[in-house]
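Listed after this line are the structures, all set down as structure tokens.
Next, two complexes with subunit A in common: one pairs it with subunit B, the other with subunit C.
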Partner chain A sequence: MKVLCDREKLREGLAIVNNVVPARSPKPILENVRVIVNDSSLQLIGTDLEVSVRYSIDDVKVGDPGVTVIPARVALDFIRDLTSETVTIDTNDNVCTITGGADSCELVTMDADEYPVTPTFEDKDTLTLQGGTFTRLVGQTAFAAAREAGRYAMHGVLITVQDDNLQMVATDGRRLALSSTPVQDVPADIPPAIVPTKGLQMFCRVIEDPLSNIKIKFGTNQIGMKTKHAEIFARLIDGDYPRYSEVIPTECKNSVEANTQMIERKLRLVANVTGDEARAVRLQITPGQMEFFGHSVGRGEAHAMMEIDYKGEGSDIAFNPDYVLDGMKNAERETVRLEFNDKTSPGKFSLGENYIYIVMPITVDV
Partner chain B sequence: MSSKHPSSAQAGVIRALPEVVRNQIAAGEVIERPASIVKELMENSLDAGATHVQVDLEEGGSMLVRVIDDGVGMNGADLMMAFESHATSKLREAGDLDHISSLGFRGEALASIGSVARCAIYSRPRGDDIGLRIENEGGRIQDPVDAGGPRGTTIEIRDLFYNTPARRRFLKRPSTELSRCLEVVQRMALGHLNVGFVATHNGKRNYDIEASMDLPARIRRTFGAELSESLVPVEADDGMFKIFGYVAPPRFARRDSARQMWFLNGRMVKDKVLVRVLKEAYRGYLDPGRQPVAFLHLSMDPALVDVNVHPAKAEVRFREDRRVFAFLLNSLRSAVAQTDMATPGEGLLRKALNRDGYVHHPGQGAIHDPGYLPRPSEGRPITEIREVPGKPYVGGGSFPVYGRPASALSEGDNATVGGGHAGLGTDAVGAGLLTDGAVDTLPGPFLQIDKTYIVRALPDGFEVIDQHALHERITYEGLLREVQNGSVEVQRLLVPEVVEVSRAEKALLEEHKDALAKIGIEIEPFGETAVALQGMPSRLRHPDPMGLVRDVAEILATTGKSPTAADVIEEVLHSAACRSSVMAGDALTDDAIRSILQRGKQLENDQTCPHSRPTRVRFTLGDLERAFHRK
Partner chain C sequence: MKTAALHTLHVDMDAFYASVEVRDNPDLAGKPVCVGGPAAGRGVISAASYEARTFGVHSAMPTSVAQRLCPNLVILPPDFERYTEASRQIMSVFQSYTPLVEPLSLDEAFLDVAGCERLHGDAIKIGRAIKRDILRETALVASVGIAPSKFLAKLASDLDKPDGFRVIQPDEVRAVIDPLPVSKIFGVGERTAKRLAAMGIATVGDLASRSHEEVVKEFGASGAWIHDLAHGKDARRVNPRREEKSHGCERTFAEDVNDQDELRVYLLQFSEEVAFGLRGKGLRGRTVTLKVRYPDFKTVTRTKSLSAATNLGPRIYSVARELLERVRPGPMRLVGIQVSNLEDVRVPTQTTLFGELDSAGDDERAEWQAATKKLERATAGIDKLRRKFGKGAVVSGSLLGRPVPRGRDQ
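Here is the complex of A and B:
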């Protein structure tokens, strides 16, 4: 195998693949990158058996097609620190020589046949949407997915496609983010998929141009995505996703409209005093006004006021400010709406046209 | 074989014992060993108003115990009565028992001692020009004769148990008996301020307390400077009871209670109530099974306490034991919390040195051959030393420097503050110290070792902090405070978490539903073998609902049938705090470290974790100097 390619492009590709390649694995071969050279392109493949990535580099000069498996991290580090414009990869027996200008290294290769088989993307029955839209939806939801141990199903983002609508939902049991976007030419019978957040982050990482389209393929136990240069497959999380639709309030007694930035600012203000241990900020709502109140036994208390649009008898509810702020960061509108029934029922923030964020309140027994 | 009991036909077998034998038997109760004599005689001296007491011993006291005091003394008539049993100057009628303020009162000591040893008393009362001497040899009392000598009383007890060899055989080696005698003297010295004490053995001065020394000085003389300097004073007075004394940090705790001393109206007591109250005061700071070190003087109207329940008067009975308990617990608990709970590095350091093959040669003096100097860099498996990103002199970044500009944290500071001893191999230690002395602004930098321990420079050394232990304490205190205020913030769950439990566990959980709700764990029954968790304390950092419910069920099952809410709370809080704390192995940024330390500082106690493991180990410059043989 022999190939010549642009150093910067190769570095970029290896960097992406290294995001997936585990630093330490019980299967040492997974710490490697599989390099495939065919007639006109060079492909880099990495996987941790949960997520796999196949990155293609065009504009390469192929001397000799072939396959090799080399240590991923070492290859990236060496190529990153080379100064030449181009790099040559050349294999001979069990040695892979990487040359850039006058500098070179020889890496030990592993048996390419032992490398796990990774899926390839088929263009049949795929869903097409703009890369930027996909990234936005992930950003609006993935942060709410669970991180702590247990409830494995909630460690991913639930993606469903129904009635020409692609919807993403994530929750950790205390808050829930739901965002959707209309899509066209939807293939029939797409099953719901719980995609690990790591996989989604990889998806977003390889979207270079937000305006160009990406393709998504839903399988029974994996989901694939294709951009111009990359194909990524993520294994789906097998489990029952909580029945979230029941907790989204439909009719609420209290409805507040307020400026997004102002809410953010006031919350931060009060949270400065409550600190990160005591985590409740109480919202006291009266017609025309919302008061933020937080206190911490060891520190003191803080009040903040802001004007709101509210017609009702007044009410109050307390939230973890961090949770609310997470949502505000992703709000699409200048004005958001908060709806809730009472202090023990979920608070529903409408943050965009098709974006809602539910936060469970904090209650204080007295 | 005709008769098994040949004497049965003669006079009755029961006879009254001669007085000497009576006293010898009685002596068994009071006089076990030389130390008991020391105790009885010193108590007499103190009751006689002595301001200086000297104890001379020979062969651990078995050959000679001589107690010399400068008290009121006795005249001839007193001396004649002194060896009579139940003869005392301290009590006149039964009613006096209700308000005993003297140490002795039973009138048994001298009679008992006189029956088992050769005794001599010399005494010159105040105002008399000439003294008297009386001798008693195993109960044979001679008439007093005139003798010259200092004012006060001197009692000599020689050849203890010379006439009761059975008892003599039970005496231990002289060194053991000596240490027991000295213990008595020490206790007396700690219990009776304003009195001077001297102890000698075989003519050598062993112990010396001047009358003018206060309690810390006496403790220092008795147990050394390290203990006395770490003590925290206790002082309280509620009109009825008065307590004064010192408590030591938990690290001084011992398996025995030799250094736990209670003095009730000046009398050394070993009372269960008092031992328990001290244990309670140290609860959470101390491993169970260890006895805290404390020196406490409790005073109250003698009418409020009955000291006549035990021959050695070690146990007492309080008329209002609940009130005493509450009073003591309040004053002790706050003092205990103020003690410095960090483990001193000295012992650890020594261990570290031993690990490196360092051999200590006694008698070689302080300066060692350089060949023995420890070389910490060799063979020590420091797995990973990682400097936390964002050190102050790394340009740029968003590192906030507290208290002073980054440029001030230069090499120059190292030298001034570290006193030239800051060379610990990393420039992290020694920089950015608290020269201002006033408030600890936690300037950093911090060094995280093995993602578990945080090293931080102090003005007089450095400390190593166990990040998990400290964070656990913080979480625990926060939860506890909320529980005590009756306001636990509950993060409600979007979808109730259904947790499968056994039938027995479910019954338990339901039974304690209300108590659990008080600590922020809201549970509803869900089918026959499951419960639904509706909400949990919002303070938990990485809540694991399933683990939480299972922990709770386990605690309920193991703590017994009807645990009080408080028990459950404590246990649950411990494990809840543990579960949601920063773990050993979490890499922390400087900011995170600083925030943990800062939050720890706001607590009453950030020195131990809820399981009473220490959160920090402190190495002083002294430790380092010792380790490097600069001293």
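Here is the complex of A and C:
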């Protein structure tokens, strides 16, 4: 195998692949990148058996097509630190030589047949949407997915496609984010998919141009995504996703609209004085104003006030300010709406046309 | 270091349980009396009157041994309700002099009277008044120790027992503690005392004369601690809100119990008891530990943590039951449960969207949540009845006819 390609493009490809390649694995071959050279392009493949990525680089000069498997991290580091415009990859027996100008290294290769088989994207029955839309939906939801604790199914984002609508939901059991977007030319019978957060982040990482389209392929146990240069597959999380629609309040007694930035500012201000372990900011709503109150046993207490357009009865509810701020960061509108029934039931933040964020309150037994 | 002023009191009742019994039954006066479990039931002595002590009877001694030492020994079953009542009176005497009361048990507490001088006089005057008030209110005798630190105050109350009143002035600390055996130091048990003896250290004075480094080298961090105490250095303050780390209840059975159903009934009983105790203190716990001792004295524990802290008996019991499944079945000499990882019920709680069961379906979750709410309400009502009519007023059906457990069993 012999190929010549642009150094910067190769570096970028290797960097993407290295996001998936495990630094240390019980299967050492997974610490490698599979390099395939065919008649006109070079492909880099990496996988941790949960997520796999195939990255293609065009505009290469192929001397000899072939396949090799080389240490992913070392290859990236070496190529990053080269100074030449172009790089040549040349394999001979068990050695892969990488040359840039007058500099070179020889890497030990592994048996290409040992490398696990990774899926290839097929263009049939796929869903097409703009890359930027996809990235936005992930950004608006994935942060709310469970990380360490909680049910395994909540460690991913639930993606459903129904009635020409693509929807993403994530929850860790304490808050829940739901965002959706209209889509067209939807293939029939797309099953709901729980996609690991890591896979989604990889998807977003390879979207270079937010305005160009990407393709998504829904399978029974994996989901695939294709951009101009990359194909990513993620294994779906097998499990029952919580029945989230039942916990989204439909009718609420209290409804407040307020300026997004102002809420963010006041929350952050008051949160400075709340404790570390039990962070809570109480929102007290009375006609015309919303008061923020936070306190901690060791530090003291803080008050903040903002004017709101509200005519209903007085009420109050307390939230973990970090949770609320997580949502506010992604708000699409200048004004957001908060709705809730009482201080023990969920607070519903409407942060965009098709974006809602549910936060469970913090309660105090007396 | 700030010169330590004389403001720490240690008050300790003399042979508390036994004294309460003698007080309530004057016929027993002058006789060797003790409170404990029956010898036939492998009971141990929990308190012995001074008359009994002259025979060598002491607490924690198996009742059978005590009976051999003192054939005329009067052995009474414990009546914790009366002891608790007396304890309450004693504690309120303390509270009338200073808010800084750190109870160590039912009949023992540290008091800090710094700043009470203008109201009640100096520490010595307060000590005398407390001793007098306790006698007047409860007809029981207390020993009082007054010193510049907790360690010395406790030492002082012990030096002069029974009916003691001992002051250790800052300038006489050395003279008082130097001749005492090292075992008087809090933290020096049998084994440490032996190791110290091997180093040629028998008295507190011997220990104090050694260098700090030498003792630390031999005993590590605990060496630093006992060396400081030997020098009368004890920076611990009287802490009225000593945080409790756990609540537990255990019992050594009169006869080994093998029947799983019976073991479960005990666990239910202990769970209810521990939960009641937690609620009384405004606490709830997240971690449940089951302790089991087999006839060969092999002791095992199993622990499980809940996703949300609880102080409800049935919730604790269901975990205890699950843990019982995880230990080797067979005759058991002792079982007990403990709830730890405690928090104040007033700590704000993050509510959840889908309930607390991690593995169950959504319907089950909703049901569980509703059941917990209901249980909370019912428990609050039951607690009211129990406080008014006694702990046995309301019990679960399976516990009917069983005696109310009494803290740590004999």
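As a working rule, the second predicted complex is superposed on the first by the 363 of 366 C-alpha atoms of A that agree within 3 Å, B and C clash if a C-alpha of one lies under 4 Å from a C-alpha of the other, contacts with A are read in each partner's own complex, and residues count from 1 in each chain.
One rule holds in what follows: a residue touches a chain if its C-beta (ideal position, glycine included) is under 8 Å from a C-beta of that chain, and two chains touch if they have at least 3 such contacts.
Nothing here was measured: the structure is a model prediction, and the numbers come from that model.
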**Q.** Fit or clash between subunit C and subunit B when superposed on subunit A
**A.** clash
Q) Regarding the shared-chain residue A:Asn92, is it in contact with subunit B (first), subunit C (second), both, or neither? A) neither
Q: Go through the superposed model and pick first if A:Arg147 touches only subunit B, second if only subunit C, both, or neither.
A: first
(Q) Per the contact definition in the header, classify A:Asp240: touching subunit B only (first), subunit C only (second), both, or neither. (A) second
(Q) Per the contact definition in the header, classify A:Thr128: touching subunit B only (first), subunit C only (second), both, or neither. (A) neither
Q: Mind working out whether A:Arg174 is in touch with subunit B, subunit C, both or neither, as first, second, both or neither?
A: both
(Q) Under the stated touch criterion, which partner chain does A:Thr344 make contact with: subunit B (first), subunit C (second), both, or neither? (A) both
Q: For A:Ala280, decide between first (touching subunit B), second (touching subunit C), both and neither.
A: both
Q) Looking at subunit A, does subunit B or subunit C touch a larger number of its residues? A) B
Q.
From the superposed pair, tell me which subunit A residues show up as contacts to subunit B and also as contacts to subunit C.
A. 149-151, 171, 173-176, 242-244, 247, 278, 280, 318, 320, 344, 346, 358, 360-366
Q. Inside the complex, what are the residues of subunit C that reach subunit A?
A. 307, 345-354, 358-359, 361-362
Q. In the complex formed with subunit A, which residues of subunit B make contact?
A. 474-475, 478, 481-482, 485-495, 497, 517-518, 520, 535, 538-539, 542-547, 595, 599, 602
Q: Enumerate the contact residues on subunit A facing subunit C in the complex.
A: 149-151, 171, 173-176, 240, 242-244, 246-247, 278, 280, 318, 320, 344, 346, 358, 360-366
Q. In the complex of these two chains, what residues of subunit A are touching subunit B?
A. 147-151, 171, 173-176, 242-244, 247, 275-280, 297-299, 318, 320, 344, 346, 358, 360-366
